[in-house]
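Below is one structure, written out as structure tokens; comments come after it.
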Amino acid sequence: MHGIEFDVAHMLAGTLVLASFMMLYQDRLPALLNVYALHALVLALSVAWQAFIQDAPHLYVTAFIALTFKAIIIPVSLHRIIVRLGIHREIETAVSVGLTMLAGIGLVALSMVVMLRITPGADALAREDLAFALSVVLLGLLIMVTRRNAVSQVVGFMSLENGLVLAATGAKGMPLVVEISVAFSVLIAFIVIGIFLFRIRERFDSVDLQALDRFRGERR
Amino acid sequence: MSMIRDLMSQGGDMLLVLTLAPLLTGFVRKIKARLLRRQGPPLLQPYRDLLRLMRKDVVLAENASWLFRAIPYIIFASTWVAASLVPTFGTGLLFSWSADLIVITALLGSARFFLALGGLDVGTAFGGIGSSREVMIASLAEPAMLIMVFAVAMIAGSTQLSTIAEFMGSSAVGLPVSLGLALVALIIVAIAENGRIPVDNPGTHLELTMVHEAMVLEYSGRHLALIDLSSQLKLVLYISMIASIFMPWGTAAPQAAVHSLALGAAAYVVKLAVCGVALAVFETAIAKMRVFRIPQFLGAALMLALLATLLRFVSGSL
Amino acid sequence: MITAALVCVAVLLALAPVAIALAAQMRGSAIIYSASLLACLALLVIALFALLDPAHPILSTTLPVGLPWLGAHFRIDALAAFFLAIVNFGGAAASLFALGYGRHESAPGRVLPFYPAYLAAMNLVVLADDAFTFLVAWEFMSLTSWALVVSHHRESENIRAGFVYLLMASFGTLALLLAFGMLAGSGGHYDFATIRAAHPAAVLSTTVLLLALIGAGSKAGLVPLHAWLPLAHPAAPSHVSGLMSGVMTKVAIYGFVRIVFDLLGPPEWWWSMVVLAIAAPSATLGVLYALMQRDIKRVLAYSTIENIGIIFVGLGLALAFKAQAMDWIAALAFTAALFHVLNHATFKSLLFFGAGCVLNATGERDMEKLGGLIHRMPQTAFAVLIGCVAISALPPFNGFVSEWLTFQAILLSPELPSWGLKLIIPAVGGLLALAAALAAACFVKLFGIVFLGRARNAVASTAREADGFSRATLLGLAALCLVAGIFPGLFIDALAPVAKAMVGNSMPHQAGLQWLTIVPIAKSRSSYNGLLLFAFVLLSGSIAALAIHRLASDRFRRAPFWDCGLPDASPAIQYTASGFSQPIRRVFGTTIFAAREIGEMPPPGSPAPARLVVDMHDLIWDALYAPIAKATGFVTERINVLQFLTIRRYLTLVFVTLIVLLVVLTI
Amino acid sequence: MTVDALAAILLIPAVSAAILALMPDYRPTAAINVAASLFTFLTALSLFVIRPVSGPYLLVDDLNKVFIVLTTFIGFTTSVFSASYIGHEIAVGRLTPAFVRFYHAMYQTLMFALNLALVANNIGLMWVAVEVATLTTVLMVGMYRTHEALEAAWKYFILGSVGIALALFGTILVYMAARPVIGEGLDAMVWTVLVKRASAFDPALLNVAFVFLLLGYGTKVGLAPLHAWLPDAHAEGPTPISAVLSGLLLNVALYALLRFKMILAASTATIAPGPLMVVMGLISVIFASLMLYRRRDIKRMFAYSSIEHMGIIVFAFGMGGPLANLAGLLHMTMHSLTKSAIFFAVGHIAQVKGTQKIDDIGGLTVTNPVLGWGLMLGVVAIVGLPPLGIFMSEFLVISSTFARAPWLAAILVLGILIALGGLFMRTNVVMFGEPKGITKPTEASYVPMFAHLALVCMAGIYLPPALVSGFTSVARLLG
């Protein structure tokens, strides 16, 4: 079924991975958030496209959720939060970007190998989608691991979750996709609220053990 | 009929060792004195000493317990029984099968056990020294003795002393190396057990190296007499043990006729005399050891006996 | 009949909850102990029936508990019957003793509930006929005894002792578990009948042997797995110490015999070398340790290690001869071992109970604070004296007979073809002889320092004789020591069916021989008659006494002791326990305990006292246990960092795991 | 009628959760909570009598029947315990009425989620249920609002969410594997269908799927090195929640894992589950046992012991074979009963002594004999000493695996021994010696604790045949 729809789906999925890389590259929070908005937008597009080619109307709902909730509401609110927490000007001292990029490339390669090697049976579209989705997931994890700041970790998690939605929509005729995406949105909402309520910045994630001990049930 | 004779010979044996014991001690003392160019006490002096002690009152320490008074009798009885189980002039005594070589060793062990307790009973410093050293010596001498017994028993194929004696008397023995080793071991053990020079010096008091005398320091009167008598019995016992194992010539066979019994008795007396002289000579020739050299002395015996046993194990012939 | 036995065990188990209720009452301990006494006596009778009746069928039954598809199998064969008798004999003695001793218990609530449960557990181990029931009972035994060990929980060393004990016990149990897992295979056929039927492969059965040796040996206290024993046994209340030392170690031996002689099939010749190489050193080291102690109960605990060593020597010889199909000698060695099991159970309980009486009377376990107790508590002293003579393997008491039989077996071992054994067995004999001699020294010290001499402190001089129950128990056990010593034939014949079942042959029948002599192989070879010997000694002793008192004098007078003319009234001049064993420490200690004496002399002219410091090391502990403890401490400290990482680090862990798994999957 | 039983198990908690959330007054909430849990438990019991037909969304079979009953039972006992516990918390003012209402509502929601996860026949639905369970527990863990509690909740939240994400990816992969065989649509996510057709699935894809599922649900199970959330969540939350976490949530996550393992077991060509689970199990056992030695907080210590036991269970299932699987199922049951009992005891202790620090608690068997010996019994059970239930399962695991894989079994034994040492070393301090610190009077109800312990004790000696027959049939399915 090498047709236009395949190419478009392929292109969109690839763009998603690219967006993940951009996020990996960003070391300032506002920029990161913007890229995440882009990420979510691309996701929405690709979901919509899937809805179109699988003519599964319910997927449009997912696409809509992705567009409104993830591409608009979340980034905006997070902008507010970081401004309020006064960390919007911070340059994150993460693991050096170059290294991260290399690791990212490695991960993409790995996911390609894993997926393409093991899914000769499935149809090409699904395989590509899965491969891309897996790399988005892994990249999201990588972002979470390499960022010190709670907010950027959350962003990483959301990109990871985008990867999941991509996979879910890519899996042709999978039921409950909408429910799942809703559930995830709820989850993310919780996280964001959590950050907002508890004023969680990097304090729980400081490498300074003195600071850590203050919040540890068990002293050394 | 034979039963009665066996009983008689057994009883005779018991009386014989009992009567010979002081004489042997006196004999050894005499020889030693002569070797030192002294006149020396008369041969029968030990009997006189014993009788005198018997007649004297016993002086008990205030805090001496009932055990303290029972101990001399226990020691005497077990030593006497042990001595009477060793064939003297004839093998195959009536009750010889009631105990073998291991049992005899153990009997002497119980005598020593109680002697050491006696040393501790009153709670004096000297008693403590004596018993603590005694058990140290025993803890090495007893294993040496037992392993020696193993060697001999494996040669003779029995731990039964009379059987061993008969076997040794027969021509089947040959001349095994391990037998020689066993002999040396036995002699060393005998010296240690009887508290002779170089391990201990029965002649002296108030010497910091004394062992046996320190233990019996608080004993007096008949108690002391019994203890002395039993140590004399012990000497006879060991000599007759050596005799019956290593020079079984002339010993009367079981159920032997009267004349051969008489012959055996004569041979026995001769053996005792020979050993006594040898002991006297040895004692005059050698000096007393420091207490903490004794373990090495006895260790040598232990090693010799072990070597003998090992040889028997590895090859039946050696 | 087995139902009756199980009912008795059930009664014991049921007593535990009752005890919780009764612990508060005054008469609680009396009720519990008398009830367990009755149960033990009933079980003892059952066991003796099963053992002595020659035409007795092997009883077995199955209860619908435990593993559902298996049920709990119980069986009384000759071996089980013998050990059942041992367990309940010891249990009955301990209960009787405790009727008096238990009254002085400070915290009955911590002893009463566990005591009957402990007895029940030991019985169940012996009765069990499938691996699961066996192990449940086995570990339950450890658990209950642990609870008894920590019953006096305010001394921190008791807690430590309990900790080490429970850890070692579980180690042993897990070893046995692995052994049974090996025997039963992954099919789950855990009943002994099936295991017995299936003959495992050589390498497999070797593993089982080693595991059994580790598992049972650690419970019995074989060196080097003995470390817990001298800590735990003294920590418990004395009647429990008696049970642990006198009975529980025997249950361990039962486990070993059951696995190695019964379930494992025909032995390899060299197994015996392993057993002997562990057993003989255990005997000698155990008594050497005992000689170095100051604490009465600790001396007794270490001497338990020695006796266990002796028993295992017997078992090892039996294995060797069984492997060479010389079953009549194997029977001799095996019988010797079992007879020593009985003897040790008797006199070790006696001695521990005696120690308990001393502890009650003086509140002191340190020998160097005691002394002169023979005046204050004559009957206890008499009983303990007999125990000491018996455990020192001196005729005419029971300890001697079993060691004599073992020696006879050793003397027959040149018949063995294999060279390794030819070389190792003489050494074993030597070590055994050494152990016997050292044991005598050790118990001269124990009795002499504790009961003889003069009281070293006030409590010792005001001690009071133990109560009636305790004395009755002590004297009864002492009497048994004598009886077993002078009528060994009866006991040997009683053991015949056990030997027949385990090594395929039994010692010749002894009862018929004239004067009750025992003849292991042939009369020309060796024979022993305890009765006659005893009669002789008694006779000649009394004759001498009579003669002297009649013919010479029977007068005596009291006077201050002489001590070579330098009498010093202070009891401090007496030899102390450590002083008494100093010569032996000089001889052996320097190598075995790395013992050093450091004399600290004050400078000339200073009135300060000179001091002699002795420092000794338990080399086995230093070499084996301390490193493990150290390693655990080190590793836990290092790994503890993982509790204090940041969320990002934890995420990294997850991430890395994921990547690793994916990579593993792709390649 | 039959469906009702199944529905009721879900409806009762859901409805009562709503009611509790909307209640104006907080006082009766505890009572309502208990009542609701009791009813759920009773309805669950009815499953033994009549088995409802299982549809595409819900099912009841031998495997989950037992776990439903177990879960509802522990839910009930815990609600009884929590009634007295929360009462005390209000008394000392650690909780405000608002929070109490919220707490009980959350409790019922959690019960709903757990039951849903157990009865779900649709792997997607199961996933959703587990996620809901996670969210509710997060909220409850953070309830005390202390820095420690918030930090623990946050850590739990983040790690849990990542876990959930991975699990979802695994689920999607399973669907992908199933689709070519079963075809698009709902059926490809219905477990019963999947198991039937699993032999035809693409094994390689299933393997990858299982990796993600193992990591995803394994995070919930608390396997090292995914365990990080578990100790703090147990230590900082209210004790009833610690009991529910250890007793139920871990089990449910493991149950989800088992469902997928059965799919893999059904398809012959797959290799992944066995070795992976064995290795992770052993790592967890050894790691957790070593962590026990340095613990100062009693709740955190028992949390680590939960990790250890999860390790043992996963090891058992990884080894496979009828006996080992049976042992694993048995161990799950026994562990949740015992561990929740232990947490009940610990909760009371923390309230009596006013601290969770091990070094500040001492001589408990003197000051509070009942409580002290109760906890002692629990510890004895949890380290696997007879005659209690866990000994039986450990016996089966070890003895059945030693003949096959001696070294693995040996490592497991080592781990169990280390754990025993650690637990006893720390509990000795709590139990024995001179009493330390203050001792407040408490009106705690010991019934739940001793009910659990009695069950465990009975199971160690006698297992009801019904249970065993059910388990054995499941064990066969587990391969």
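Of note:
Labels for the chains are A, B, C and D, by order of writing; each one numbers its residues from 1.
Simple rule for what comes next: a residue touches a chain if its C-beta (ideal position, glycine included) is under 8 Å from a C-beta of that chain, and two chains touch if they have at least 3 such contacts.
Predicted, not measured: the structure shown is a model, and the values here were computed from it.
Each chain's centre was taken as the mean of its CA atoms, and the one lying most distant from chain D is B. Centroid to centroid, with C-alpha atoms defining each point, chain A and chain B lie 99 Å apart. Here the spacing of chain B and chain C, counted between their Cα centres, is 35 Å.
Averaging Cα coordinates per chain places chain A and chain D 31 Å apart. Remark: chain A and chain C have CA centroids separated by 69 Å (rounded to whole angstrom). Residues of chain C in contact with at least two other chains: 640, 643, 647, 651, 654, 658, 662, 665.
Counting partners per residue, chain D has 154-155, 158, 162, 166, 207-208 as the residues that reach two or more other chains. Contacting chain pairs (ordered by label): A-C, A-D, B-C, C-D.
Contacts from chain C toward chain D in the complex involve residues 64-69, 109-110, 131-132, 135-137, 139-140, 143, 150, 153-154, 156, 159, 162-163, 166-167, 170-171, 174, 177-178, 180-182, 184-186, 188, 190, 207, 632-633, 635-637, 639-640, 642-643, 645, 647, 650-651, 653-654, 657-658, 661-662, 665.
On the chain C side of its complex with chain A, the touching residues are 640, 643-644, 646-648, 651-652, 654-655, 658-659, 662-663, 665-666. Against chain D, the residues of chain A that register as touching in their complex are 114-115, 117-119, 121-122, 126, 130, 133-134, 137, 141, 144, 153, 157, 160-161, 163-164, 167-168, 171-176, 179-180, 183, 186-187, 190-191, 194, 198, 200, 204, 214-219. Contact residues on chain C toward chain B in their complex (touch as defined above): 371-372, 374-375, 378, 381, 385, 389, 392-395, 400, 404, 407-408, 410-411, 413-414, 419, 422-423, 425-427, 429-430, 433-434, 436-438, 440-441, 443-445, 447-449, 452-454, 515, 517, 523-529, 532-533, 536-542, 544-545, 548, 551-553, 555-564, 567-568, 571, 573-575, 579-584, 586-587. Those residues of chain B whose C-beta lies close enough to touch chain C in the complex are 14, 51, 54-67, 69, 73-74, 76-78, 80-81, 84, 95, 97-100, 102-103, 106-107, 109-110, 112-113, 116-117, 119-129, 131-133, 135-136, 138-143, 146-147, 150, 153-154, 157-160, 163, 205-206, 217-218, 221-222, 225-226, 291-292, 295, 302, 306, 309-310, 312-314, 316.
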